[in-house]
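Per-chain residue numbering starts at 1, and chain names A, B, C and D are given in the order in which the chains are listed.
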Amino acid sequence: MAHVLGQNQYGKAENRIVRVHRGSTRHDIKDLNVSVALSGAFEDVHLAGSNANCLPTDTIKNTVYAFAKRYGIESAEAYGILLARHFVDDTERGVVHRARIRIEEYTWERIRTPDDNARPVGSEEVGHSFVRSGQEVRTSEVVYDGESVQVVSGLKDLVVLNSTDSEFRGYLKDGYTTLREADDRILATQVTARWKYGYTGRGDEAQPPWNRCYTQVRRHLLEAFAGTYSYSLQQTLYAMGTRVLDHRAEVDEVRLELPNRHHFLVDLEPFGLENDNEVYYAADRMYGLIEGTVHREGVVPVIPVA
Amino acid sequence: MAHVLGQNQYGKAENRIVRVHRGSTRHDIKDLNVSVALSGAFEDVHLAGSNANCLPTDTIKNTVYAFAKRYGIESAEAYGILLARHFVDDTERGVVHRARIRIEEYTWERIRTPDDNARPVGSEEVGHSFVRSGQEVRTSEVVYDGESVQVVSGLKDLVVLNSTDSEFRGYLKDGYTTLREADDRILATQVTARWKYGYTGRGDEAQPPWNRCYTQVRRHLLEAFAGTYSYSLQQTLYAMGTRVLDHRAEVDEVRLELPNRHHFLVDLEPFGLENDNEVYYAADRMYGLIEGTVHREGVVPVIPVA
Amino acid sequence: MAHVLGQNQYGKAENRIVRVHRGSTRHDIKDLNVSVALSGAFEDVHLAGSNANCLPTDTIKNTVYAFAKRYGIESAEAYGILLARHFVDDTERGVVHRARIRIEEYTWERIRTPDDNARPVGSEEVGHSFVRSGQEVRTSEVVYDGESVQVVSGLKDLVVLNSTDSEFRGYLKDGYTTLREADDRILATQVTARWKYGYTGRGDEAQPPWNRCYTQVRRHLLEAFAGTYSYSLQQTLYAMGTRVLDHRAEVDEVRLELPNRHHFLVDLEPFGLENDNEVYYAADRMYGLIEGTVHREGVVPVIPVA
Amino acid sequence: MAHVLGQNQYGKAENRIVRVHRGSTRHDIKDLNVSVALSGAFEDVHLAGSNANCLPTDTIKNTVYAFAKRYGIESAEAYGILLARHFVDDTERGVVHRARIRIEEYTWERIRTPDDNARPVGSEEVGHSFVRSGQEVRTSEVVYDGESVQVVSGLKDLVVLNSTDSEFRGYLKDGYTTLREADDRILATQVTARWKYGYTGRGDEAQPPWNRCYTQVRRHLLEAFAGTYSYSLQQTLYAMGTRVLDHRAEVDEVRLELPNRHHFLVDLEPFGLENDNEVYYAADRMYGLIEGTVHREGVVPVIPVA
């Protein structure tokens, strides 16, 4: 019985790039991790040992760096679109049918004096000195198939915690249930979010303001988490997703993965101490994992399940 | 415009379990990391804050441990099938429509004297003393939707290296190509493999011998890697996939992810030394990433792209 | 020839604790990872299999949690001092001669609206909603030997970068030197710092304001890094250490470990592009590692070399 | 008050090197991670911004690779000694007073057929095809100060487990003790071991057979762990250390760090199941951490406490 080569792709992964934009009085930096995957007419590479259609991953890497110089990096999404279009449209003989660019972005703040956030550390220094900020990583994925562009942006490792206003009661019970109901618990999670833009890159459609969208989606996720009295992490997830759709018209689908970072109340009774929701053990594993998609009516969701 | 709850699932992830089977003269152990995800009638959990259909993840955890005692763990796959069927078939009111069980398995060897592999360390000791072996992790995923079972087994972190019999030449060149052709290079990769079994769990279909299948697929992957003169990692990937299909009738689809762990020849000329493929720098990043599926003709591949 | 039991210690490591201080209108949280190591009269535990002098690590864990309730956690250092004194002074029969408490602290910020940092997310929510902030981890180590206390505080994973004002020239050359001199390079490092306080805990000596000291030392490290034109990372290290000693009288020794996170200028000439210090490849390994101690004259340094 | 530069050192860390020894019918490989730290006359580098005495870390890296070609790598220890002597003895103007070489070694096995360990995968293939083996990493540290050499070898990440023959009873109890005594428990740990050789490198003293010593020390550690009925992990630690000293005359000090990887018996009574030491939950954190040194009488121990 014959064997068939199915879906396949290749590229250079984890190209670490720091791009300095050197202004006259101060610098700006972009710190990215860029992964490229190409699909196309690669049957002979696999089956016949012919590399005639194989653009080396080393060339892919060179392109990533050269484009950063040639076009600058205004946002990961805009830069990713340029790269994806290049690999499909410019590679000779039409061998590349589809390009996927994934980018992680690490954020930096300017170094300031902690006592006075408004005053920088001297006028000369602030221009070129940075400290890594935040826990979270900004993510983006651009796919281009020769016809249209699909952009899914996101974030990961955004860790949040509510120290009250969370309960978990009235759940289904079976012969393996021993959990006691909780009417006041810590709710904590490490948010992974991805959201798809309606942007298709066809015609003269304008690109959304990617950086501002990111900031605003992050804000709405945080505000929904903070502002929701939680009956379950599922309910909080849905509140977070709808909040984004309510406020950002550019987005038509949100996917969230929320591990429930359990905080267990420690039993201090044996030591004559009452523990009135004050002392918790933060567990690593096992953890509940809650995942879900919220999308606009009529939109076909595309973000895959992890 | 209304919002819609799309695909969603939840469960307990990373239940770490060690199961000891205590024989009269010696013990056996299974060391697993079990993650459960359930899909079903969970709209009200998300939208209405009602947990009436929510089986707590704590209950899921209890079930994982209780089943290990009740049924033992002959193989991760057989154990996963029992769990998946239970969550769908036994949960009341038919709230669970689909269960996915993912398991990582860590392998152990009995402690022996290194000088004499055939002779154990005294007759009493060998029975209960173990050392973690190998780099690789065995994986399995069982999905049950109330009708049929799908089993995708695999491995990850299997690191292999050929110190010769690999070249890379005749590739596509464009304006960003600077790579020089290589006629003798190190080929090294960290194999992630997943393979789908034809088994569907319908009727009285017998389960494949999961443990033997695993050992044999691993063997064929290694032999194909070692025995193939490589023109590209893509070509090696295809050889590995077909070798498995050729030898294991139970398997009808193989998906491989092969990061190209680059080993760069160090330039020692400035120090008056010739480097005849002897001294290499092993790079972490960036790396080529080669992915592909090989399947039997007529089979619809189901293993998702990462 | 007889064998001797040398230095030994044991304890419970990585007790993860979250302590909520519940104010009437808002909560505060401390998020710690506490490791305890005890030394003492443990010969019989090792040599005779007698546990009469062995306080179980489970008891040590219980104590860590109980003390968090009983005394609250004003700072990691003050809490560590209470724990260290307890294990030495309160354990019966004087079996514990020395206690070492190591604490990692993870920092959280209140969730606010990003558009207006001054305005919280509604008056109810802000009180109990937090997001993990910063990359760095605050560390502290308290040692008590029954007579005096030694406190070494620190931080790790503070990642900083100067995009200019760094050179490296005029270095020693030998037959293995190929490096070209750099008159404008990126200087980036991931700071690990430890500093010893003069505080001894004897008599009625007041404890330093630990939290304010931490904030200020961190500030001075950042300002010295940002404000120093660098001839080498060694010279920057010395500037950072002296800046702390100049400004914080409580500190008499500073130890710094500064991996040089190399950023290599990418050669874009083959593509007809000039790279005027704009596009860099951020390397993982190998890296320069620069370590050093700066201390006050007359002080005997105690922070060990890693 | 003046500030003083205390202990300082610098070098290139984590030089990843793969050395292929190409025999006529088969290859051998060494896979190392080499870190170099130099101490010496570096005051002006720190204080005056003068690099005249600073051998660049890039040069250090070049030397590591060049020596691998020039001298081959018979063992990590012998190679480390050559490097350490070179940096101190050969660097001009006597600026380097002390060199410390740390090496991690990753082990590989030849690829063989799993069904028949004695028969390789065809005569051609076996010669150059390898698979990473084992969990543990071999470590070594060589220090040379211009007069004598000190070699501390070791291993880490050797994970072992006894499924019985371990108890923990009769321990000290205080007001925070809630632990119940255990008469049959799992004992599991992840061994980090370091051992110092008596070898000093003075005169014409012959080097010990480093590779065989490593294999034998590892064997004795495993055998002692497996063969000891354990009253505490401390007692097992001492048994492991003395076993090495009893069998390897070259070694005069052993330091062990043994995290107690707790396996908790799961309570299955609520589900009508008895758990007769069969089903365990393997915890990540918190964990007991047991550390200790065993040395020959009259020897001054030098391996530092972590």
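Heads up, the rule we're going with is that a residue touches a chain if its C-beta (ideal position, glycine included) is under 8 Å from a C-beta of that chain, and two chains touch if they have at least 3 such contacts.
These figures come from a predicted structure and were not determined experimentally.
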| item | value |
| --- | --- |
| Path length in steps (a step moves to a chain that is touched) from subunit A to subunit C | 1 |
| Most distant chain from subunit C, judged by the mean position of its C-alpha atoms | B |
| Mean-CA-position distance for subunit B and subunit A (Å) | 25 |
| Distance between chain centroids, defined by C-alpha means - subunit A, subunit D (Å) | 38 |
| Centre-of-Cα separation between subunit D and subunit B, whole angstrom | 29 |
| Two or more partner chains touched - positions in subunit D | 16, 62, 66, 176, 178, 270-271, 284-285 |
| Subunit D residues within the subunit B interface of the complex | 16-22, 27, 29, 31, 62, 65-66, 68-70, 108, 111, 113-115, 121-122, 125-126, 128-135, 158-165, 186, 215-216, 218-219, 222-223, 225-227, 263, 266, 268, 270-271, 273, 275-284 |
| Residue ranges of subunit D touching subunit A (in the complex, touch as defined) | 175-176, 178, 270-271, 284-285 |
| For the subunit A and subunit B complex, residues of the former touching the latter | 1-16, 35, 37, 42, 45-47, 49-59, 61-63, 66, 90-93, 95, 168-174, 176-179, 231-235, 237-238, 241-242, 245, 253, 259-260, 285-297, 301, 304-305 |
